[in-house]
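Across the two complexes that follow, chain A remains constant while its partner is chain B and subsequently chain C.
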Partner chain A sequence: MYLGPVLVTFAVGAALIVLFFVPHHQAQAVNAEILEWATIVYAFALILGSISLWNTHARKVRHRIEGWPYSLVTMITLVAVTGLGVVFGTAEGTAVYAIYQSVNSPLASTMFALLAFFIASAAFRAFRARNLEATLLLVTAVLMMIGRVSIGEFIWPGFPAFTEWLLDVPNLAAKRAIAIGVGLGAVSTGLKIILGIERSYLGRSN
Partner chain B sequence: MPEALNTDWFDPTRANVLVGILLFLTFLLINILRARRAGTLYIRPLPGLTALDEAIGRATEMGKPILYMPGLGDMSEVGTLASITIMGRVARKVADLGSSMQVPCYDPVVMTIMDGVARQAYRESGRPDDFPPGSVHYVSAQQFAYVAAVTGIMIRERPAANIYMGSFYAESLFLAETGNLTGAIQIAGCDKVTQLPFFVCACDYTLLGEELFAASAYIGREPVQLATIAAQDWAKATAAILIVAALLLLAMGRPELGHFLQTS
Partner chain C sequence: MSWAQRLLSVDRRIIFVLIGLGTAIPLLMPVNLPITVTPRVEAAYQTIDTLPEGSRVLISMDYEPDTMAELNPMAIAIMRHCFRKKLKVIGMTLYPAGPGLVEPAMKAAAAAEGKTRNVDYVFLGYKSGFQTVMIGMGESIRQQYPVDFYKTPLDSIPVMRGVNSYAGIDLVVNLTASSAADYWIQFAASRFKKKLVLGATAVMATDYYPYLSSRQLLGLIGGMKGAAEYEKRMDLFGDARRGMDAQSLVHVIVSLLVILGNVALFASRRSGGDGTPARPLGGPR
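And now, the complex of A and B:
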């Protein structure tokens, strides 16, 4: 039952690995074509996504689950914006473009601006000196903050260079160690899927 | 003048990647044979994964749902593939214990696959009729719309456990910090180095980088899956040895190995 999809995965996965090493223009044209298929699959999946969104919020409205008026707003917006986009298009000067620029973009920017407060709240919790590691983190953070502002250089002229060293040596070494691990993990997961060792994406544990 | 078409059948600047893949495949085959012969392989316990059972048990006792977030990656992200596998294992435990789970998705393709995997987990558990349709649902493909919707779910429904597994970006701290404020037990696994500090600050347990990829194999405990983790460790040790060797050779005026290891 699962042999067909596994074979397709193996064939496509192996082909893409081979194409990575082949710079020939015809091979790269095949590579680009395969990658374009992903866009087509995405477009069809978006229809399923919209149906899922509608069903989730319709259920909330039907059963008057807490926060259902927000769901109603979502459903009305989904229908209205889709309708406007289909009838009038999405180019500059259309209603969808205006909604995107005047509603969606400011809301996204507002959310992003809140990040500063979330960072402050998380930093406050992380920098409490509960144990040796947290104390080291606290000391490093304080040194970093002092070294990155003008007063740091005034206190000790070597502060900016010291913070640069902290970033470029111990910090970068740890980041690269994690990045090497991530790279190897990604290769391992990719090979597991291509070789059929991992099949859970087909809806089966093994 | 038109640009000349490339007619080469092999890119020599990528020879190092080819050697790396072949080496990894060799390690994989050796470890699969070892695992088949021994029946199992020892893999050090990961606290974040042992806490998964605890989190699911806690949610079941409290009668509250588990919120599983697969991140913002699409199907081309390996972190998303690892997340799908872990979600399948989590869904199986949720089904066994009769608890409930919500999976809000950012990508419609990921949602479709996650839905199939969760349904299969309920079938394998012998409770196909208990699968709540709509528990794996699409939210939005806009980063901050997704954040607003998911934090809304956290505040309104107060899940007992929040599980973040996959590729996360700027939304990581929004989600983890809001989850922290609601008092939920939080377990995260992320392959993005820049987002890991946020999860470490706001979550109870964090799987760092490669541990996310090891998690799916670790939870399943199948020998062949464990062999992939062992192969990963062998490859990491080889990488460390090669880096040190390249540095020593460079110090002795022989930069060839260092040049070979550099990616194009």
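And now, the complex of A and C:
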């Protein structure tokens, strides 16, 4: 049933792997052309995402699902900002630029800044030395939190060097192991998709 | 209720107030705590500092407002360094909300060092797709960016003369809060053999330490601390150095809260409790 998409996946996947390693100019020209297609596909994904966003919120507004006024605001904003951007552009002095600088940027920064408050509260309530592993994590976290900021050096001049050692030795060893594992996993998953063994991207789990 | 249980049940709004004060007071009354430049930031600095005059530096600023507190000061410090060394800066972003931050940052850095757009720097703008843009720029920058952010054709921009792929670029700098860094390492550094320096948020910086020892990265600037170190190295007093006092105090407060929470837990258990907080005092938890 899925032979067509699987064959397309195999052909494109195999071709891109080969083209990645072939430096010949004609091979690279083909590669560049496929990349151009990919850029266009990305652009369409943005349109698809916008339509999906619209449909989701339109359904909420239509059926007056809880929080529907927020959905209405989202829809109005989507249309207004897109329209203003398409008609007047996004450069300095335009409406989209002003909206970005005075609404989007402060709101996004605020949302992220709120994390500091919730992390502090969560750390106080949940960061407990319940066993050896948790105790090690807790001690390391406290040392890193103090040692990686200016006050650490103020408290003890050796703090920065100690935290550097923590980062350069135990941390690096663990990160290398994880990176190698992730790399091998990515190669394995890629091969499974190209060879048609993994087909969940077609909408089925097997 | 024992003191330990009382402490474990503290209203979270008290913690919020502590964090708020810990952030606001040092910003209003800075004490300028000492900052040591770490080897990774020094390596990033030296990589840029040793480039010959007129070298082209591609800086991809792949971040949005949520992480601008960490990455914007880094971007401004690096660009100012480039301008001081008379290097040509080619700016770009792979994030749709990036231009609104990157363009003002480039203008601010250029204005501070008396540099001119198109002569000393160019802003290419936003392009969608991480890997495709990075690989595509290895073939032709003009294919990916026929015009710059201001719709000027690249051929008529002096900075871009003779630059049509990574071959015309001497150093790539990526400032990011996302997996864009992985792709820059894979493509710009590994495939196209370009020198690469990374600036990342503090939370993700440690993920990239292995690439320093493999020399796929020549320098790594991590978080606001890294940006503050870079500013110190350049003898600047920018937003990162201004923010370090606040970050220091907040880290101390969080550390003390964690320690206090654990002390209270042990005390509660010793007095026969199970360490479970009692009803919160006066508000939601």
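The rule is simple: the second predicted complex is superposed on the first by the 176 of 206 C-alpha atoms of A that agree within 3 Å, B and C clash if a C-alpha of one lies under 4 Å from a C-alpha of the other, contacts with A are read in each partner's own complex, and residues count from 1 in each chain.
Assume contacts are C-beta pairs under 8 Å (C-beta built on N, C-alpha and C of every residue); 3 or more make two chains touch, one makes a residue touch a chain.
Quantities reported herein were computed from a predicted structural model and do not represent experimental measurements.
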| item | value |
| --- | --- |
| Contacts of A:112 with chain B and chain C, given as first, second, both or neither | both |
| Partner chain in contact with A:38 - chain B first, chain C second, else both or neither | both |
| Partner chain(s) touched by A:97 [first = chain B, second = chain C, both, neither] | second |
| Chain B versus chain C as contact partner of A:133, first or second or both or neither | neither |
| Partner chain(s) touched by A:121 [first = chain B, second = chain C, both, neither] | both |
| Contacts of A:50 with chain B and chain C, given as first, second, both or neither | first |
| Partner chain(s) touched by A:192 [first = chain B, second = chain C, both, neither] | first |
| Touching partner for A:175 - first (chain B), second (chain C), both, neither | both |
| Chain B and chain C contact sites that coincide on chain A, given as residue numbers | 20, 28, 38, 42, 46, 104, 107-108, 111-112, 119, 121, 123, 125, 175, 179 |
| Sites on chain A touched by chain B in the complex | 17, 20-25, 27-28, 38, 41-42, 45-46, 48-50, 52-53, 55-56, 59, 66-67, 70, 104, 107-108, 111-112, 114-115, 118-119, 121-123, 125-126, 175, 178-182, 184-193, 197-198, 200-206 |
| Chain A residues touching chain C - in the complex, by the definition given at the top | 20, 28, 31-32, 35-36, 38-39, 42-43, 46, 90-92, 97, 100-101, 104-109, 111-113, 116-117, 119-121, 123-125, 127-129, 138, 141-142, 145-146, 148-154, 160, 164, 167-168, 171-172, 175-176, 179 |
| Contact set on chain C toward chain A in their complex | 8, 10, 12, 15-16, 18-20, 23, 33-36, 38-39, 64-69, 96-97, 99-101, 103-104, 127-129, 131-133, 135-136, 139-140, 143-144, 149-150, 191, 202, 206-207, 209-210, 213, 225, 228, 244-245, 247-255, 257-262, 265, 275, 277, 285 |
| Residue ranges of chain B touching chain A (in the complex, touch as defined) | 5-11, 14, 17-18, 20-21, 24-25, 28, 74-76, 78-79, 81-82, 84-85, 88-89, 92, 105, 107-109, 111-113, 116-117, 119-121, 124, 133-134, 137-145, 147-148, 152, 156, 170, 173-174, 176-177, 180, 191, 193, 196, 198, 200-202, 208-210, 212-214, 216-217, 220, 222, 224-225, 228-229, 231-232, 235-236, 239 |
